[in-house]
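Once you scroll down, you'll see the structures, which are given as structure tokens.
Both complexes shown next keep chain A, but they swap its partner, so chain B is in the first and chain C is in the second.
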Partner chain A sequence: MQKKNQLKGYLFLSPIIILIAIFLIYPFVNVIRISFFKTQFGFGEMEFSGIKNFILLFKDEVFRISIRNSMIWTVGSLILQLSIPLGLALLLNKKFRGVTFVRAIILIPWIAPVVGVAMMTRWILEPQLGLVNKILMGTGLIREHINFLGSMTNALPTLLIISSWQFIPFGTLLMLASLQTISPELYDAIKIDGANSWQIFRYLIFPLIGSMIGFVFFFGFVWNFNTFAIIWMTTQGGPVNSTMTLPVLIYRRAFKSFNMGEAASIATIVGFFLIIVGFLFFKFLWKRTER
Partner chain B sequence: MKVFRTKYRMQRLSLILLVVLIIILLIDLFPFYWVFVSSLQPNIDILTGKTKLFPKKVTLKNYADLLLETAGVTAFRHYILNSLKVSFVVALFSTVISILGAYGLSRYQFYGREFIGRMLLFIYVFPTILIIIPVYEIMSKFHLVDTHLSLILIHTTIAAPFCTWLLRSFFDSVPYELEEAAAIDGCGKFQAFFRITLPLSAPGIFTAGIYAMITSWGEYIFVLIMINSGTKKTVPLALAAYMSHVDIQWGRLLAGSALNVIPILMIFLPLTKYFLKGFLEGALK
Partner chain C sequence: MWKKIILILMGLLLFSTYLVFAGGGKEEEKISITFWHHEPPAHRVKAFQMVIDKFMEENPNVQVTQEAVPWDDAWPKTLASISTGTSPDFQFDLPDLNISAYEAGGIIPVDDLVKKIDEEQGYFKSVSNPYYHHGHHWGVPIWHIPFALIYRPSFFKKYMGTTEPPKDWDEFLEYAEKLTVDTDGDGTIDIYGCGIVAGMTLCTAEQIWAFMAQTGTTLFEPDGTVSFYSPEAIKAVQMYKDLFKYAPPAATGWAWGELEMNFPAGKIAMMPYFGAILKAFYEQKNYDLASAPLPYPKDGKKGTLVYPAALMVFKTAEEKGQKHLDMVKKLIMFMMEPENNYVLTAVQEPGLYMPATRANLEYEKFWSHGPVAEYKDFVKPIAETVEYGSLFGFTHGAVNLAIGSISGENVLAEMVQKAVIQNVSAEEAVKWAHDRMVEIASK
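Showing the complex of A and B:
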């Protein structure tokens, strides 16, 4: 079968491993080091300051707002991004003419470059010229133009929906693929036993696609928690911090106020949080996959 | 619910499924159509709110304005060339690196193989925002800030792991015995790989390359932190800059976004099934 030549295997993988080590793993660790330094003007003058950055952070109101926003963002997104794909996948789990075409084409929002999506969002939701406002005005549902991205109450939910719109096709296709691993005989068998639709879902489908739901959950969690580009290009965290999530705050502190140390300490906290989530995922959800 | 009754038989679309499909496709695709169709209308109509859903007359004026203008910051042609340059090199590097890596993963038995494979898949959602500061530090140490090389390096690092993961499943599906048989027939080991496994995995290799190109073409965070000079911008950065102007030139902006999105989708659409196949090999195992 396969060659049992250990060293050669590593050799073939070395280019990619070296890249990952230098540009992903080393920075991931190094950010912890930077978080213990007081920095001025980027990396110009670094001065060891212990845990002072962290202490400052916990007194920082914007940091608290960002944590809250990030939580709302992640939980809200995941609710949409798990329930809708599951529903759609159950509905689309059929063979019909053009199914391959439909599957390819619904993936478009997930593949499209994020700048295009941000641009599109701003154009469609533009307060005066945007299509959504025009339609709502035209049908008499609203009397005044809605400023979707410029109002404190609307901005976060609006972006949450846009971002979920991007993810949902991807989630749907993953769940659909998982559904299709269930053989038709199993459906026949459980129906002979007299199971209704709910029981079919509860006792046949769910146990078999549960691990896929876990997988989509974890992917979605990490992806949502770190969403930066779409927020930055539409609201930059505003108005008045209402869309300020942790990634946006990290970028702002690092490259707008040039406080690298403080930004690094936020990144460290987020990093540890994600590591814990990852650990829990691999311990409780992923293992089941390897029956 | 009759959903489960007629499974896995080609069937005529039921009415409800048809309606749902149309709604899904509308929500999915309409925004793209709207940007595209708006970009084909005169700027003055766009700015006065007269944009039409089905215009009788279309014009390429916005595209011409965007691409032919040479003055100052509006040298969009230049940004397209920058983006093409960076993303082509990223595609090339990623393809080579991932062919090597995938070959190692697929054909050799070694300690930590499954862990490495899994790690490559999960880098697909690596939280890049957390490492922008140290990456910037590394790049400035090597005097790479504000160069395209910095983008090429970091984009390759982001794209190549998934390409490797994807290719591994393609290499795995070519039986090793085929290669061995060819080797017995007098091919060298590598010749056997090049003559047999590589051609059989062509769709995977193509998908990996295009995936890397798209990743680089649309990547925003690292371009934002690395590139300062106007002449080195790539398309995403240029578009984002246009967007933050006080009076937005919607006509040009829409044309620019269409140019940013539509060619990519055209290239990638036929490859989505391979993209999904690669993804699912791991997720379902």
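Showing the complex of A and C:
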């Protein structure tokens, strides 16, 4: 009977397993395979090159820059995307007039298409005619135009903020949903015990929504590490590779210099890195927060 | 009663069966042609449809479908379609895309078409040469996009005391300096002398090439060897660096869009650019717009960037049979007829798309079309650049097929970024670009 039930279980699981195999496992295995080939101009003629693509990668300065930028991008984004949504969720969890409206409009950045956001970013931040510089100059806050996307020092932080602005509503929504599961009686109880606001957060809220923060952390990590569109559509990795992240480099190598083998080798490294992060997260952090 | 209903139903069934087979038969006879272009804006799609509709009217047995694939997707989609055997019949392309399609084994030679058009209409060599490699023509040039010096005559008059454009590089620098003006005396520059960019886009590569073409820079020797590291290239990069002092500081991140926004807004006095700017001026009925050949060094030569667009025919068209291929070629010839070509050039993008043949350039309707007629003095110098223009990597024709990757990697733009943003010397920047080209070519 138990065996029969097990079989039934596998049967019910099979559609999703088949889909995962076709759309995730097969492409990933294929990418790994291509990374061992020298390819140019599509996949027509591939020449086996062993681990040459990987050796060349580690000699490549742009690859090293991309790793560094990807790390800065991911860590920087996570700081913004965990702290701001948490603060916003705590605010939106309070009862005030128009809370439903605020909860609705806060979603706008999340639903805005990236293409639109990229175009808007380019125009609004344009130093000569853009709105942001006009306001800053008009109010006397700055004396010289700020070159947001054309400066090596400004481009990455600017894009990081824009990208986080898009992610924040999603994080807020998840944390708010988690906050709303906390029973009001628990607040009353901890207040009777004399807890102040910080203690309420530290000993009641944080332990109860910890697993959600952990999930947003992991989701944000993967989402940020893979961010491509906003960077490509605004700076294409420039100026002088200052916004070159690994996904942008993969695209550039695959579809600009048509070196699929090299692009696949970067994608393989990124893929395994994210798998390891996922494994470590679910093995250690997730269990701890669940407890 | 039931008998009647059954009889009516059977009658209807027979009639619909007849319609299906009769109609199906006719459908089978119809030749279906699909082509890709990379001009998704609605007005451009409309111009293509005008020509398609006319062709289908003359050839009722043909169904032509256009598909607009944005430029950003052109390479991956083209290569993927070749790999999977799902290419359209033909496609609009640029020389480096043509090479990619050739290398992927997706296209067929079009010598017969090029020869015929050349005999009938006279191709400009700068337009047809980049598509000639491996002993064949692989693209049918249809129009070209050239660079010229675009400027605001009123600014010249006000700050230079003349409306004459600069002729050589010394004058170019002098003009740029004097045209960089703080008009209201508040300490911030309001007009910049020269609109050149250093963003990590093809726009930067296009602009730097306009200078390099004048010094005689080549990317490759006629035998295909990389020969970029040269005094000519260094001289051009140095000029670009010098001129950049009079460009908006933000131009380090600019591309086409920002230039097209700032020039009509009066923030830039002059720039090496396409005639695409005409549209904005035409819509505002602003006649403060002029063009001239780009200034060139005293010891250099007239030169500029010319981007030739062509049509490449895929093997898939050939595989569908001779009759199908003949109709594809007929459509291409139709597009090249002056009566239709002016729709694809002057009507589609006045001032930007210029005819690829003498006959089309001399065609009366090209010059009498609204914006072109109204801004004839602006369009004429741009159209004439085809006589001396060139495209980076194709000075000697398609001699090194790595140009697709070099162009895709934006090596020229990155070189400019090193020189302008990182302030690396012109020589070091050129040396870096040379080494990078060698590296890419060796892969």
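One rule holds for everything that comes next: the second predicted complex is superposed on the first by the 262 of 291 C-alpha atoms of A that agree within 3 Å, B and C clash if a C-alpha of one lies under 4 Å from a C-alpha of the other, contacts with A are read in each partner's own complex, and residues count from 1 in each chain.
Keep in mind that, in the parts below, contacts are C-beta pairs under 8 Å (C-beta built on N, C-alpha and C of every residue); 3 or more make two chains touch, one makes a residue touch a chain.
Owing to the predicted nature of the structure, the values given are computational and were not obtained by experimental measurement.
Visitor: Applying the touch criterion given at the start, work out whether A:Thr153 contacts chain B, chain C, both or neither, answering first, second, both or neither.
Guide: Neither partner.
Visitor: Based on the superposed arrangement, let me know which partner A:Phe255 touches: chain B (first), chain C (second), both, or neither?
Guide: both
Visitor: Tell me which of chain B and chain C touches more residues of chain A.
Guide: The partner making contact with more of chain A's residues is B.
Visitor: Which holds for A:Phe215: it touches chain B only (first), chain C only (second), both, or neither?
Guide: first
Visitor: Determine, under the contact definition given at the top, whether A:Val240 touches first (chain B), second (chain C), both, or neither.
Guide: Touch partner of A:Val240: chain C, not chain B.
Visitor: For A:Ile22 in the superposed arrangement: first (chain B), second (chain C), both or neither?
Guide: A:Ile22 contacts chain B only, not chain C.
Visitor: In the superposed arrangement, does A:Leu129 touch chain B (first), chain C (second), both or neither?
Guide: A:Leu129 contacts both chain B and chain C.
Visitor: For chain A, which residues lie in the overlap of the chain B contacts and the chain C contacts?
Guide: In chain A, residues 43, 122-123, 128-129, 254-255 are touched by chain B and also by chain C.
Visitor: Could you please specify the touching residues of chain B with respect to chain A in the complex?
Guide: Interface residues on chain B, with respect to chain A: 1, 3-4, 6-13, 17, 20-21, 24-25, 27-29, 31-32, 34-35, 38, 46-47, 49, 51, 97-98, 100-101, 103-105, 107-111, 113, 116, 119-120, 123-138, 140, 153-154, 156-157, 160-161, 164, 176, 214, 217-218, 220-221, 224-225, 235-236, 239-240, 243, 250, 253-254, 256-257, 260-261, 264-265, 268-270, 272-273, 275-276, 279-280, 283-285.
Visitor: Touching chain B in the complex: which residues of chain A?
Guide: It comes out as residues 1-6, 8-13, 15-17, 19-20, 22-24, 26-28, 30-31, 34, 43, 88, 90-97, 100, 102-109, 111-116, 118-120, 122-124, 128-129, 131, 134, 165, 169, 173-174, 177-178, 181, 184, 187, 191, 197, 200, 212, 215, 219, 222-223, 225-226, 228-229, 232-233, 247, 250-251, 254-255, 260, 263-264, 267, 270-271, 274, 289-290.
Visitor: Write out the stretch or stretches of chain A touching chain C in their complex.
Guide: Chain A reaches chain C through residues 38, 40-44, 122-123, 126-129, 137, 143-145, 147-152, 155, 235-241, 252, 254-259, 262.
Visitor: Touching chain A in the complex: which residues of chain C?
Guide: 75-76, 79-80, 82-83, 100, 103-105, 187-188, 198-201, 248-254, 257-258, 261-262, 265, 267, 404-406, 408-410, 413-414, 417-418, 421-422, 440, 443
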